[in-house]
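Multiple structures are listed underneath, in structure tokens.
In the two complexes that follow, subunit A is the common piece, with subunit B as its partner first and subunit C second.
Moving on, here comes the complex of A and B:
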């Protein structure tokens, strides 16, 4: 077959039957857009999560009694420091503060601003803060979500916390965290550890948990056993466990979408299959006619394969491009709520553009293979029947 | 000197199965057609002439017997060779024209040459030649869906001729034409006959009973040549 003549006829077929092809491209673009958006969001969240976890402490211990987290004695920090391989032991005070009227909550994090922080980003934020100015009265650093929420409820510069003793404690807003930290800091209020203790009802020798680092990863497994042996009610979580929990959460949400996508794709494939199989008589007649005019089975399959490939390729480029714009430029309105909607404050997190080759390949394969198969199998079936029968 | 044998049909049978029923459409057909001959298969509907034409074109497979085109058994050839034989040696004109309605006259006539390996320039030359011969070149840019019955038939003739085949098979070629267009079609057939083409026509149209050029009428009744 002369290549020029073939391409000429292929372009002719595509152009002359453009309404048919455009309708298929339209549906394909929608499906690809949906799939790509979900995978883009998942991979972007995974990337942000990995970046976030990189700067998290390796281990967190707290006290569990009767299946419930209770306050942890600060003295346990000294015991941890005695274990060989443990470094950067940091007690933390934090807890949820409920904004009763609206059913929302903030995460209060108390830190010792004069010591090195277990969380690198927190350290960077504190380093950029004028400590002298900060300690001039009760002050706090807040996430963007908290700031937006307080603004909406007319707490522009400060908030009055009600302590467990029934006393109001007014705390000023000193600074707002940048939006890049929103995945973890969106609903966070960072304040001096003693102030946090008062608001959350801890005594001076109690903390919420204690973090520490183990620089040698080979010691991680053993470290869990060593630390657990210190006290019967001590609970240890390492960074990998946290990562798994987050991944499970996002994979669960992404998985739900993938199932939905597969249902849509299966339906679409079925429609295509029907369209190109017995049901679609014009297509069948055309194939029979081509065969009657001297085209071999291979010639017919090549034409239909290339025709389908062009449709798939155009749909892929358009679908992925629109999804990219939707997720990384427009910020994925609607879908974002599905992925981040579990949070109690509105999150203004922007997705970090991540173009992973494996994701792009997965999108192509998940879409192109069923599509091409749905078209080519019926075409092949018709091609191998006698032309006379196909033309009936 | 005798012209060479173009089509040989030996003990040909075609049977269709509908559930447990067996319908014999062709029975014990033997026919030899030489180069340049014009054979008219005549018979009423259901006499098996269209089926016979399909078997000669290799569009269908016989239940028994064989069809040889220039000595080659078309029904036994692998697809690639059968397709090539069909493309190079046989031009088919169908009762319902069987054009690609979304393509123009020119594009319809181009189709048989796409797998031929010819360059586009050569294809265009052949298409122009064929359109001129079939007297439809003035409509070459018109979509097939916008043609009259006669114009569609002439497009189908041009398409059948474009690869310059030796054998032209016509299945009820005038069934959808008025008398004037039917006579015009017969004129074109006369031209093809004078060019030495082997022509086989399946028809029940009485216009083919007395053609102005030499022809052989082969009557068919109930799947048999009588």
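Moving on, here comes the complex of A and C:
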């Protein structure tokens, strides 16, 4: 058959039966949109976290008492420095501060701004010319979520922290972190390390934990054993453990949606199969008519295959496009709560676009193959019967 | 190919083009660089998750006790 005539007939056929195809496309777009959205969010979060992991310290050690993390002696840092191969030993002071009135919490992080590196990072982040003012008095930098929450509770310029000793500590809000950092800094309050110690109730020689790096990854296992042997109550976590926990978290949530997708797809395929194999359907009569007009079985199958392929492509492109706009342009309202949670502070983050082509191909194959099979098998069974019988 | 169908095909191509342009033009480097600076400053990258989703805070076996954390790493070595 002439190719142009075939495409003309195919497009006419699709257009004529548009109401039938639209319902199938509608359901397919909905399924593909949901699955693609979940996978887009999951891959974007994983990409961003992997990028931040690259600059995170390799190891974290802290002290454990009765199965719970307690304050770590800062002197452990000096012991770590004595081990050959250990570099960049940095004590960290951080902890959650609960805003008792509503049960919401902030993450207080103490930073040693006397370090030159911290100073440089701060300057890049807040892009301020009056950075010297930050070191005058008690100042802090807050995430967008914290700022919005404090504004709503009438703490426009400062906040009064209640220390464990029962003393109020007034800290001014210096600047707000850029919105691009909302994935990690939305609920964060960054302040000088000594101020954080006072608010969280640490003494001068205590820290939350100590981080260090080991430039040679081949030494990591050996270093874990070596550091663990320093103290019986010492707990070591390396970067690989953190990476695994992130992967598990998002694989689990993405996997859950994939299972739901497979269940919905199986149901959808069954419905399609049943619809096309109905004995007195118009499809059957239509195929019989084409056969009576002289179409070969191959021609009929080709027509139905191309018809289904067009429907599959339209649904796929529409589903993925709507998911892309929803996640990377609109910021995935509602669905992002599944991944980030919406119980604490409201987070308005924007996802970094990440298109994982292997995932996109898998979605296409998972969706297209059962769909095409569910249509072509009944069509083939009708095509091989006598046209007179098919038109009955 | 009939006109309405050709117009719809063009619309689909336009959608792919919009998606591709947004993907290529998005300042990914800038966004990841800011995140990296934030991590370098604080030496950590804690996700701003709602605590309700942070299961490690709760001990599901003994709810009145605090979470056990990851003690398995100590005993393992």
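The definition used in the following text is that the second predicted complex is superposed on the first by the 353 of 392 C-alpha atoms of A that agree within 3 Å, B and C clash if a C-alpha of one lies under 4 Å from a C-alpha of the other, contacts with A are read in each partner's own complex, and residues count from 1 in each chain.
What we mean here is this: contacts are C-beta pairs under 8 Å (C-beta built on N, C-alpha and C of every residue); 3 or more make two chains touch, one makes a residue touch a chain.
Computed from a predicted structure; not experimentally measured.
Engineer: Given the touch rule stated above, what does A:321 touch, subunit B (first), subunit C (second), both, or neither?
Structural biologist: In the superposed model, A:321 contacts subunit C only, not subunit B.
Engineer: Now for A:262: first (subunit B), second (subunit C), both, or neither, which partner does it touch?
Structural biologist: A:262 sits against neither subunit B nor subunit C.
Engineer: Of the two partner chains, subunit B (first) and subunit C (second), which one does A:12 touch, if any: first, second, both, or neither?
Structural biologist: Once the two structures are laid over each other on A, A:12 reaches both partners.
Engineer: Check whether A:176 is in contact with subunit B, with subunit C, with both or with neither, and answer first, second, both or neither.
Structural biologist: After superposition on chain A, A:176 lies in contact with neither partner.
Engineer: Quick one: classify A:299 as touching subunit B (first), subunit C (second), both or neither.
Structural biologist: First partner only, subunit B.
Engineer: Just subunit B (first), just subunit C (second), both, or neither: which does A:228 touch?
Structural biologist: A:228 sits against subunit C, while subunit B stays out of touch.
Engineer: With both structures fitted on chain A, tell me whether subunit B or subunit C touches more of subunit A's residues.
Structural biologist: Per-residue touch count on subunit A favours C.
Engineer: Contact-wise, after the overlay, does A:30 reach subunit B, subunit C, both or neither (first, second, both, neither)?
Structural biologist: Neither partner.
Engineer: Can you list the residues of subunit A that touch subunit B in one structure and subunit C in the other?
Structural biologist: On subunit A, the overlap between the subunit B and subunit C contacts is residues 8, 12.
Engineer: What residues of subunit A sit close enough to touch subunit B in their complex?
Structural biologist: Counting only subunit A, the residues touching subunit B are 1-2, 4-6, 8-9, 12, 16-17, 285-286, 289-299, 386-389, 391.
Engineer: Per the contact definition, I'd like the list of subunit B residues that touch subunit A in the complex.
Structural biologist: Going by the criterion above, the answer is residues 54, 57, 59-61, 79-80, 83-84, 86-88, 90, 92, 98, 100, 102-103, 107, 110-120, 123, 159, 163.
Engineer: Considering the complex alone, what residue numbers of subunit C touch subunit A?
Structural biologist: Against subunit A, subunit C makes touches at 1-2, 4-6, 8, 12, 15-16, 18-19, 22-23, 26, 28, 30-32, 34-53, 65-71, 73-74, 77.
Engineer: Can you name the residues of subunit A that touch subunit C in the complex?
Structural biologist: Going by the criterion above, the answer is residues 7-8, 11-12, 14-15, 48-49, 51-57, 64, 67-69, 90, 92, 94, 96, 105, 107, 109, 111, 117-118, 121-122, 124-125, 143, 145, 177-178, 180-188, 190, 211, 224-225, 228, 234-237, 241, 313-314, 317-318, 320-321, 324, 328-329, 340-345, 347, 349, 352-353, 355.
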